[in-house]
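So that you can tell them apart, the chains are marked A, B, C and D in the order they are listed, and the count of residues begins at 1 in each.
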Amino acid sequence: MMIGVIGGEQCSPAEGETAYAVGRELASRGHTLVCGGRGGVMREVCRGARSEDGVTVGILPGDDRSDMNEYVTVPIVTGIGFARNTIIPRTADALVAVGGRYGTLSEIAFALIAGKPVVTMGSWDLTLPDGATAPLLSCDDASAAIDACERLAAGAS
Amino acid sequence: MMIGVIGGEQCSPAEGETAYAVGRELASRGHTLVCGGRGGVMREVCRGARSEDGVTVGILPGDDRSDMNEYVTVPIVTGIGFARNTIIPRTADALVAVGGRYGTLSEIAFALIAGKPVVTMGSWDLTLPDGATAPLLSCDDASAAIDACERLAAGAS
Amino acid sequence: MMIGVIGGEQCSPAEGETAYAVGRELASRGHTLVCGGRGGVMREVCRGARSEDGVTVGILPGDDRSDMNEYVTVPIVTGIGFARNTIIPRTADALVAVGGRYGTLSEIAFALIAGKPVVTMGSWDLTLPDGATAPLLSCDDASAAIDACERLAAGAS
Amino acid sequence: MMIGVIGGEQCSPAEGETAYAVGRELASRGHTLVCGGRGGVMREVCRGARSEDGVTVGILPGDDRSDMNEYVTVPIVTGIGFARNTIIPRTADALVAVGGRYGTLSEIAFALIAGKPVVTMGSWDLTLPDGATAPLLSCDDASAAIDACERLAAGAS
């Protein structure tokens, strides 16, 4: 499976630890990581995945690899700026959001458009204008988050 | 000014009336409309703007003009699918969101990333993971909404 | 009709005159210009179109309007870099290429993929790997070029 | 290194054999393949790279993996249609073009814009409007083609 992990380029130490644990967990189960390839949550999740020899795909916004973190094994240089935020949800079978702000929100929105499962860890809760609740599943633990990704992606396909 | 209007491809009669009034109001003041160019809120806001002879730009997702509404005067055929949702906030000086679901949410997210003012009419309210409130200004009335766009865009530039 | 005009950001004085004449000609016939919105050929064709009060659409690569020429009336800020070169051929009913280098070549390639007529004025000639000649129509004169656009776009639709 | 291989979705048996040999050669040297991930030349080069256990990245144009060939190990689902042709040259350190038509031409154009070396095998020759020859290096043999990619990419960085 390809698991997308999204979150801020700046992150708190706690978010960094969560991202690292998520990366470790998904790689130890043989999944491929897809993320934005830069700093903060993206760097920590790549670092965690590499500690288990995982494949780490970084979907970069710029015109070259200069802003890539050192734990990306497959850098994709899109050159399309923030529009690359649409590619991560398309590419992933399920996503984990760790913290984050508006960039993460845009990726959650595209995941929901594409019908991809999203697990949140200290990230967005969303109530639609019509009062419905967006189908985001909150988890506290990396192992439970990847369990949920596996279960929900199987149901979505 | 270029004013972006975003909202669902399906909309309620009340949302359609709101969109029509917003289109009328912005065109009567000489602003250019930029929107997604399709049905629902997009069609009604274009229809309103055309009733005042406004310029209506439709940023279309597909490979041709087949899904364009009949009130678009400047169709832009992007061929990039939902990634076109990033272009509307970049192009507009300020945005008005009328209702909407996840597509509208993605456009609001990109507007907030780009620092563009967003006025909401029966649309999303957003609380960030850290508890802060996103800077969305709720309005009930088309005239007040365009007033706010003009005032906020002047402050943003 | 929407007529795309493509060509280099640097251009010779002769290419600039050609671009100006093409802009004048298409606007005088009521067509809308779509181009990349920047300098060189793009600036001169916009200037020509504005001399006849034409509508000039500029599909900009960057994140804001800072690199737009002063004759663009409808700036579209894509934020997707050179990938915006795919939007101009999709949006235009027919294209005129004036000089140009690799950016212009990419736009001609996308026009040919999309089956859009391309008229060349001192621009690329292309022979395919299998020895066939690409369907590019060479013209020396702005009036003949727009005649060809009108005739070929009618046949293509 | 990441080596891009581009070419038609339909290809002759001879082009298929060339693509297979190029895939085998680059993977045997430990390079990662990046391509469009679909049929024809793309399928054969992936098949060749997989025969040497290579990593094969497919940059897909559609909204899901349905058009991916079975030899892609890292599918990137862009959802941006033909605009994905801009991502392959950005991502690769050097490119090999095998045959091809206008899609391949657009990728060569973007490679030349980005200053990436392009080796051709029975593919496009290009003469610029000003009479200059585009810097494309023709090769007949897979081993020589990958040698040239390695040498030219080292010079370009």
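We take it that a contact is a pair of C-beta atoms (placed from the backbone, for glycine too) under 8 Å apart; a residue touches a chain by one contact, two chains touch by 3 or more.
Everything numeric in this text was worked out from a predicted model, so none of it was measured.
Student: With centres defined by CA atoms only, which chain is the most remote from chain B?
Tutor: The most remote chain is D.
Student: Which integer distance in Å separates the CA centroid of chain A from that of chain D?
Tutor: 28
Student: Find the geometric centre of each of chain A and chain C from their Cα atoms only, then give the gap between the two centres in Å, rounded to an integer.
Tutor: Each chain reduced to its C-alpha mean, chain A and chain C end up 40 Å apart.
Student: Would you please write down the residue numbers of chain D that are in contact with two or more other chains?
Tutor: Within chain D, residues 63, 79-83, 86 contact more than one other chain.
Student: Which word fits the touch map of the chains here: line, ring, star, complete or other?
Tutor: Contact pattern: complete, every chain touching every other.
Student: Any idea which chain A residues touch chain B in the complex?
Tutor: Checking each residue of chain A against chain B gives 80-83, 85-86, 99-103, 105-106, 109-110, 112-113, 122-130, 134.
Student: So in the complex, the part of chain A that touches chain C is made up of which residues?
Tutor: 63, 79-83
Student: For the complex, which residues does chain B have touching chain C?
Tutor: Per the stated touch rule, the residues are 2, 32, 55, 57, 59, 63-64, 74-80, 83, 86-87, 90-91, 114.
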